[in-house]
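Letters are used for the chains, namely A, B and C, taken in the order the chains are written, and counting of residues starts over at 1 for each.
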Amino acid sequence: MANQIAIGAVEPGCKKVDPILVADNVTRQFGGLTAVNVEHVEIPRGQITALIGPNGAGKTTFFNLLTGFDKPNTGTWTFEGKDLAGVPSYKVARRGMIRTFQLTKALSLLTVIDNMRLGSQDQPGEGFFGSWLRFNWKSRETQITAKADELLKRFKLDAKREDYAAALSGGQRKLLEMARALMSDPKLVMLDEPMAGVNPALTQSLLEHIKDLKSNGTTVLFVEHDMHMVRHISDWVIVMAEGKIVAEGPPAEVMKNPAVIDAYLGAHADTDLGDVEIGSAKEGN
Amino acid sequence: MDWLNALNLTAGELIGVYTAAYVLAALGLAVHFGFTGLLNFGQAAFAALGAYGYSIATLTLNWPWWAAVLAGLAASGVFALLLGIPTLRLRADYLAIVTIAAAQALRYAFSASDYASVTGASNGLSEFGESFYSLNPIPKGRYDLGFTSMSENELFIRIIGWSLVVIAAVFLFFLTRSPWGRVLKGIREDEDAVRALGKNVFAYKIQALVIGGTIASLGGMVFVMSSQTNQPSTWGTNFTFMIWTILLLGGAATILGPIVGGMVFFALLMFTQSVMEGLVKMGWLPFLDIAQVGQIRFLLVGLILMLLVIFRPQGIFGNKKELQFNG
Amino acid sequence: MNQLTIRKSGVFFALVAMLFALFTAAAPAKAADDPSTYAYTIGGTLLNNDVGVPDVTITATLDAFKSTTKTLEDGSWEIKVPNPGVYTVTLDESTLPAGASMTEKGGNVLQADLTQTDFAAVLFSLGAAQVDTVNWGDQFMIALFAGLDWGLMLALAAIGISLIFGTTGLSNFAHGEMVSLGALVMWVCYPMLGLNIFVSAALAVLAATVFGYTQDAALWKPLRKRRMGTNQMMIVSIGFSIVARYILLLVFGGDTKDIGGVGSPINLGPVMTNDITLYSMLIAAVALGGVALFLTKTRVGKATRAVSDNAALAASTGIDVERIIRIVWVVASALTGLAGVLYGLQFQANWLTGFDLLLLLFAAVTLGGLGTALGATVGAIIIGLVVQLSVLFIPTEMMYAAALVILIVILIVRPQGVLGKKQRIG
């Protein structure tokens, strides 16, 4: 499996057969503290990649930097071969790289269907002057709504179509946020802790949705604490600690890597990582 | 006590020209706050720029009425851009302080005697309505509406003012129900989420600020046109706070709310004032005189604003689920 | 649900009770009823080289209304008018005695704004214009001194805003009214009732403190309990500031009060000042030093800073956050009342004094970095200097605007303030 993804030795920063996202020398400092210091990393296309690491490892900060929500001190990165450094977050999204947030950002006082419609792109009615004449956007709106209904059905939210997003449960909001991200047919979906706060009943269906994404040709990069989930669905795992990438490789091999065990557990190095539940911990930054 | 007179005065406020002016400014604020979530506490400045744009274009530049209207709209539009470009990236409460400070600074500039030849300084400007009132097709005379009577020009400015309210309301009704309006509401809820979906949040906020600001500037023009006097003291923070009270009274995220909110607000103020004046004249309120009754009007504004935000933030028409304050 | 309703009505009754208390307190102060049916007054004193000019005709007009009077022996005059509005006041130049003329051509027509108050002063200027002979270096020294004086006063009130913001997250728009209250109670006690100046000051500070403590207990504490958002609380404070301001107007009247008199002059080089100003600056500096000691040396002070830093964390270490907030309100409103007393003694004060200063206070607090007492002090002194020094370059009427422009620029360029640290984000 490793051979299908990486070129040459499997080591931190190794080359991939077909990378979709390549980052070089990305650093971010807060005051004197270096939160992110990534020399080189490549995300393989068409695979599910997990980004793991202990609290404060800089995973979410790295996510924010890649998607334009935060500005790095140094660094360049490309998406599908095109430079993405310094590109504002909304343009990153338009290029086909859509992210979700650790604390779910369902738009509470919009209905579920309006949340979904907002996820689409190329709606001429979203322009100020384009919005004046209904015939200008009506046909696109019908297409968007049809697509939204289809996705809602797939995510089993169709019964909630007209409800305010505020009325959904935490897990349903996670589903809604993911479904909304798919409205624009992204090439890369970046999920920040998709499992946090989701009840076990919904976990399985979320996992299935992520696997579905892969089978539809979408690349997935996700941050997660839950090791079971990482082992279960990811094709590739990248481990961050103290802002750096300390290990990467296929899940089974990474879990045995002493550097990973060290980063995660310190004194409890003898415990098997797969048995450790870190899912409840929240990352502060 | 003359109850009939009190009721007539109250009914007069329902269609009053100042009511229309405040309603226009409140509709503009609905775009800012109700739909986009921008805490703009400088709405008086937008109205003032409409008023000054019109009166300076007429008096100093001798422009005809339509060019003067465009000047008023342009002045507030440019102000929205100047204010918005640097500040719309700020936190919501910082935006509140910046907008109120900018509005006050602008008012100091309008009052400064150094620019008196253009702005009239603290005396303001007057007699700039000739070009506008020459359009009035209504024959000269008094027009009796039963509860109130008015001259042909007073009737004309009322018709224009309320027509503008209707036009602005219809325009905003369709705009806020379009995909464009949906993006605004999304920004109100969580701008980062909307950004992550590929929308240029900053551009939408600027558009909202300009649209709401220009509608408020129409309100400013209507306000000064009825008496043909435009003074800097009109455009103080009280003007802004009254607009907020009207907006929150009716419901911030609605179109009908600011309209009915404005009518109810001024009717309520006039009614309490007339009744209290009546009571003072009858000697029932020995600790007050007539001048103080006028001051109690403003006290009531503050009280209504407080009670609304505490007990009914969604206003008369708002859906409780639709409006909440973020923060 | 039931519980919620009870809490709501609790807030409401507390408010009503507070307003009622303020109104009943208002009643005795408003003893003199004007026998005239006209409630508004325009007045002034006509002076030529500091001597009253009698028998000059002055007319006030508004629309159809017109009223005329003649100046009295001491040059004073007064016209009663029936309605609010902006009156045009005209001095009949033909009635001026020989040798007297307007300083400026057209200076005989002025405006009296009675839209907000019931009294407007109109001062006609006679005689040759005063020529400014002070050189620039001396002007700079004078402005510098005035700026320092202002800065110290602003700092007293700004620390209050800063402490309250730091511990509760409230941007309190009703803070200026505590300044006004301090000044106006000082006016009642000192020049009106003739009490000792220190007793008067103590009573004024006490009044502001009681006001601060009560508003926290009756209004802000219940709202905090309901977990109201800070933006929502900010709008409540705007409403409250309007209510408080108009109560001050009803109780104390709309005219501007001279509280401290002229004082005995003292010259410090080019700076002409007086004993009142110097004592005020000394008192302000001592009070600021006291606050610094309180915050850094005492247990309560340290706890206050801990709550400002992170309320949840402070609570988990056993600090009673509500008690700290109560103490903060008492300290903040006492300092703010003191600022009002000192302002009133040195300058004049009316019901709008505090509100006019409010945005300068916000500017000071923002400049120094929100929520830090030291920052507020430094910010206030900078704003005081900026306001006073700006008159060397721009029209005096625009001096507040200079401070507001600085506030805007700071918020845009460095929102964490001059001394604040950049927040860790992301």
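General observations
Simple rule for what comes next: a residue touches a chain if its C-beta (ideal position, glycine included) is under 8 Å from a C-beta of that chain, and two chains touch if they have at least 3 such contacts.
Computed from a predicted structure; not experimentally measured.
Distance from each chain's C-alpha mean to the overall C-alpha mean is smallest for B. When every pair of chains is scored by its C-beta contact pairs, the maximum goes to B-C. Once the centre of each chain is set as its mean CA position, chain B and chain C turn out to be 27 Å apart.
One simple way to say how far apart two chains are is to compare their mean CA positions; for chain A and chain C this gives 53 Å.
Chain A and chain B, compared by their mean Cα positions, are separated by 45 Å. Counting only residues that touch two or more partner chains, chain B has 324. Across the assembly, chain A contributes residues 69 that each touch 2 or more other chains. By the touch criterion stated above, chain A contacts chain B in their complex at residues 67, 69, 88-91, 93-94, 98-101, 105-110, 114, 117-119, 121, 123, 125-128, 130-132, 134, 137, 141, 164, 166, 177, 180-181, 183-184. For chain B in complex with chain A, the residues that touch the partner chain are 174-175, 178-183, 185-186, 188-190, 192-201, 207, 211, 321-324. Interface residues of chain B facing chain C in the complex, by the touch rule stated above, are 39, 41, 86-87, 90-94, 96-98, 100-102, 104-105, 108-109, 111-114, 122-124, 229, 231, 233, 237-238, 241, 244-245, 248, 286-292, 294-296, 298-299, 301-307, 309-311, 313, 324-327. Chain C meets chain B in the complex at residues 8, 11-12, 15, 19, 26-27, 30, 33-34, 37, 39-40, 84, 86, 111, 113, 115-116, 118, 171, 223, 228-232, 234-236, 238-247, 249-250, 355, 359, 362-363, 366, 395, 397-398, 400-401, 404-405, 407-408, 411-412, 415.
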